[in-house]
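Following this line, the structures themselves.
In the two complexes below, chain A is the common chain; its partner is chain B in one and chain C in the other.
After this line comes the complex of A and B, so read on.
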């Protein structure tokens, strides 16, 4: 390979690289190394006293059932968020792609939640779905006043029809302040809702890049819409989808902290205590820096392994041809 | 097999009128080429037949039955696109079979047999398990043709299928397409902007301009008896010369008078009506010959050569006659130079007169303009007053 002599000297090249290298070292590598170092110590609360404990922090994590639950929850949460976001966004992008009028309007409506800060989104849903006060809660929970209207015409006829009664028993009781599964479902849904916009931007762009003549050929052949989406569009979009899978994974692990913090505080009973929130609490509420550092190292490894797997899968299946 | 009929078809995109009322009959088993400059509405016309666009007005019929409102998939037409439209993630074979399942009621064995047949016909049997990125342009277009063929549709619709290929390959594929049609005899509508392609491929050629059909005729008759100036100048390369003249009558018959010449016009239909008015004289460069010393100076055009372009097989001369320009072809090794004055004699049987404003043909000096001996009638729409 021929190297082009752009710079007058190596020193000049190095000088130009320096800012990037400096920022990376100061803000990424040093903290990472420090975190690993810290994970080998026990830090006394208040005193700032530091005792070397070796791998004791890790051993403690290995045996903590609370931590195991947190890892399990997080993986479950990440899978639900990534799969949920991507399938929902794919559907939305496809619908926008197919619609003939008002594309721009639909696109904007799909994207705007992305512009909302996570904490704000968290508060919005906190109140929308508040077990006692929430507007949406009333729509989900029985009695259903809107459905009750259906009974009116029958009443007028003198026939006694009870629509809402039987539903009373099967309708959900919104109570995520004390129900773990409900709280978990809530933060998952909100996390998905918030990330759909980001995905729709990329998916729409990618879908619009598919030549119209492919769609037209499929239409002339009578290939159904769903088949067209899944067997023509998705394979062609696979590089974008792979990229999004990675971005969404990172989001699920790291970007969802604010929802937990604002809405559930990790509860009830640890049901939404995902790793990033758990380690935040250890570090900044309990001031157990040693344990928190060990947890962040574990988190790093988990995400690192996931990224590796995703890259390998992508290499295998994503179509990058021209 | 099917016959396609377009009846007063109109297509508007908002303010843009792409097709302004077209009547066309594509007979069963024929190969009809639609040709015209870019933007004249050729693709739109084809897409209206395919059902990819819906007509604003008028009717599209297949074997007499209206296709308006019929879904593209139910029209039993296959389309071949300029950009091949192959699915990039599928092998050539998969590309051919993918749609066939939904488009036809062939079973898998039948589809397999048909792929093998098409592959042999198109000489792509060795390429079947390659993806499009590993195929050349010509090979891709063969695969796209194969995909259309195995469906055995009633009609092939081809939108500039050869325009992305290089010149050599284009000529070869052109011949192969003609052969393919010989063999399959499937009704084909073929769109191109290339008049040579149109002339060589079409049983019948439809010349379009500005959303209207200018003329429908056999290639030779388009060339010999253009219905108007547009067709005259679009068909043929280099284009027909057009010079404004006064048509005068004299003792020895009519003449076309121009500051640079006074050409005798042989008797013919329409000539009498044109006498004593202004008209545009049309004469093709290849119908002008450099006169020898013994020519009747009275029947020649005196011209000054301004540019010479050696083409190898001929020498293209650009000349000036009065204030007008004129092109002609001389023998390749003649020693004409720019600045020379030459005398050009037109073939008296190859002269045309056109209306100055409307551009419609008034007169062709050759016999047969109105009563072609092959029984065809020269069809051209009346000069429309619309817009």
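After this line comes the complex of A and C, so read on.
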């Protein structure tokens, strides 16, 4: 590919690039270097004390079982969010693609949650599913008086059928203030719900670009719906899907902070203490800037390695045409 | 040693006020915030000294902003710091003891000794106690009556809280017996009422503590009980530091008892009326039979060192104004925080205020009945926020049954020790 000369003068190009470079340097590169530097110190807040400790902060992280748990949780959380978001969004996009009537309405409804700020979404779910005060909690927890309606027809026939009893016996006790797994499940579901809209936009656009003739041929050959989606559409959509996998990973690591902060505060007992929240708390609540900086460097490395792997995998498998 | 005071000297560099007017950073929202602002206006009218009352959202934010201000040198004149974080601010070495700002004539010995003892370090009053409280038990008289309990003799011990809760839940009057926010302050109260220190070195008042004291009957008794209450569905867990949620669960009559600050008295009265039940309050329930005394809660005003002398005079005038009996009475009536001056207490008594409003009396009685015991001095430790979080988080593991009481307590201890070392 030949290099394209868009600008006649180099100065003009430099001038146009300057704002972006400046913002990146001031708000990204300098702080990143500073964070690495700080991670080698123990820093007091308000006291002006700064002690060089070398790699001590990193050593402490290597031996902290709580931090290991946090890393493990974050990876689990990211995998669950990325897989959950993408498979659900793919299904939704496919259904919207296939439906004949009301396509626009469905599309808007699917995208809507994306327009909500994360903190607001967090509060909405906090109150919907609050263990004691939540509106949805009452519906999820036994007893289920509405189920009695199902038994009515049987009663009329004189047959004794008990639907309510067994279901009430297994009905969950919503208590994510105390139960770690419930809290983890909740923030995962909310994080997925919030990101579906973003994925549907891209997936729908990509799906609509698939030539109609291809769909038609598949139909004529008697290819089933699910098979058409997985065997034909998905490979064609692979560049979009690769892009989304990367965006969703970044989202899971960094963009989900608000849900944790608003809903669980990393708890109960550290069950939702993902890396980004953990380091926020260390820096801005505990004022341990050295440790927090070391954690942010580790987070940067983890995400960096993941990005690299994803790019490599994408190069290998994504279909860019030609 | 006198040497920490002095304009601009020392290692911190020069200090400058953020505004020309006096500036106070506080964490009082809602009705309490309005009462505080009214006091600021009153001071301005009486003295002609302008003052800005700047709301910073929460105690945590005031702390963050104040430490940041001390670091940068652009400081407010006053910061309302939660007693839990006192040590962190004192350790900066960049605050001036308020005792040095009060005039010679100021009657320092009129302060309630139980209040000032916490804020006095090295025999000097370091910060001005202002909004102070302890935790008491509120209960729903109507629910007690309906369940066949005597509303005039509320539970006094944890065992009695349990049996009352069982009766209340069994009779179907409420869903659960009791609720309180999962905050370290309540654990501190259970320790202090039992006369048990929470940290060695006299809770940090006699040197630097090295451990959390969990190998004792108080800790085991408390957590066995807590776990049993959760297990039996008698305790409603509103969440960590969930003050608002605990209160609303009590107001919606999901729990018949609530442990919270005395600063909730005014709110409890109006809230109960709105929800159609009769509310009352009582002393904090104790782990065993002993009742030594509560720890202090609430906040005090810290002043940065290094401000010019004419400004320090104005600062002193404001501190004296806030500590005056009239202001203390007004503040107490508006909020439920107890007055910190004996004169104010005496005047309120002779005006008949406590007879008309017995709920306002409880916390003060609880404070004044308190023995002079090191256990009633609240923890004064540098990693307060971390210790607080470890205690709270591990409490969840214990009452939720994720770990045994014994394991949970030793985990709590070693986690806090890790922060103290």
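What we mean here is this: the second predicted complex is superposed on the first by the 295 of 322 C-alpha atoms of A that agree within 3 Å, B and C clash if a C-alpha of one lies under 4 Å from a C-alpha of the other, contacts with A are read in each partner's own complex, and residues count from 1 in each chain.
Here is the rule we use: contacts are C-beta pairs under 8 Å (C-beta built on N, C-alpha and C of every residue); 3 or more make two chains touch, one makes a residue touch a chain.
Source: prediction; values computed, not measured.
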Item to check | Clash or fit (per the criteria above) of chain B with chain C on chain A | outcome: fit
Checklist entry - Looking at the overlay, does A:218 come into contact with chain B only (first), chain C only (second), both, or neither? => result first
Next on the checklist: Output check: A:55 vs chain B and chain C. Expected answer is one of first, second, both, neither. What do you get?
Outcome noted: neither
Next on the checklist: For A:132 in the superposed arrangement: first (chain B), second (chain C), both or neither?
Outcome noted: second
Checklist entry - In the superposed arrangement, does A:232 touch chain B (first), chain C (second), both or neither? => result first
Checklist entry - Just chain B (first), just chain C (second), both, or neither: which does A:175 touch? => result second
Checklist entry - On the overlay, how many Å separate the closest CA atoms of chain B and chain C? => result 52
Checklist entry - What residues on chain A does chain C touch that chain B touches too? => result none
Checklist entry - Touching chain B in the complex: which residues of chain A? => result 211, 213-214, 216-224, 227, 231-232, 235-236, 238, 319, 321-322
Checklist entry - For chain A, which residues count as touching chain C in their complex? => result 44-48, 130-133, 175, 177-180, 265, 267-270, 281, 284-287
Item to check | Sites on chain C touched by chain A in the complex | outcome: 11-12, 60, 64, 66-68, 70-71, 88-89, 91-94, 175, 230, 236-242, 245, 248-249, 252, 254, 383, 385-386, 389, 393-394, 396-397, 399-400, 402
Checklist outcome for this item: Residue positions on chain B within touch of chain A in the complex are 50-52, 72-75, 77-79, 81, 83, 85, 87-89, 98-100, 102-103, 131-133, 147, 151
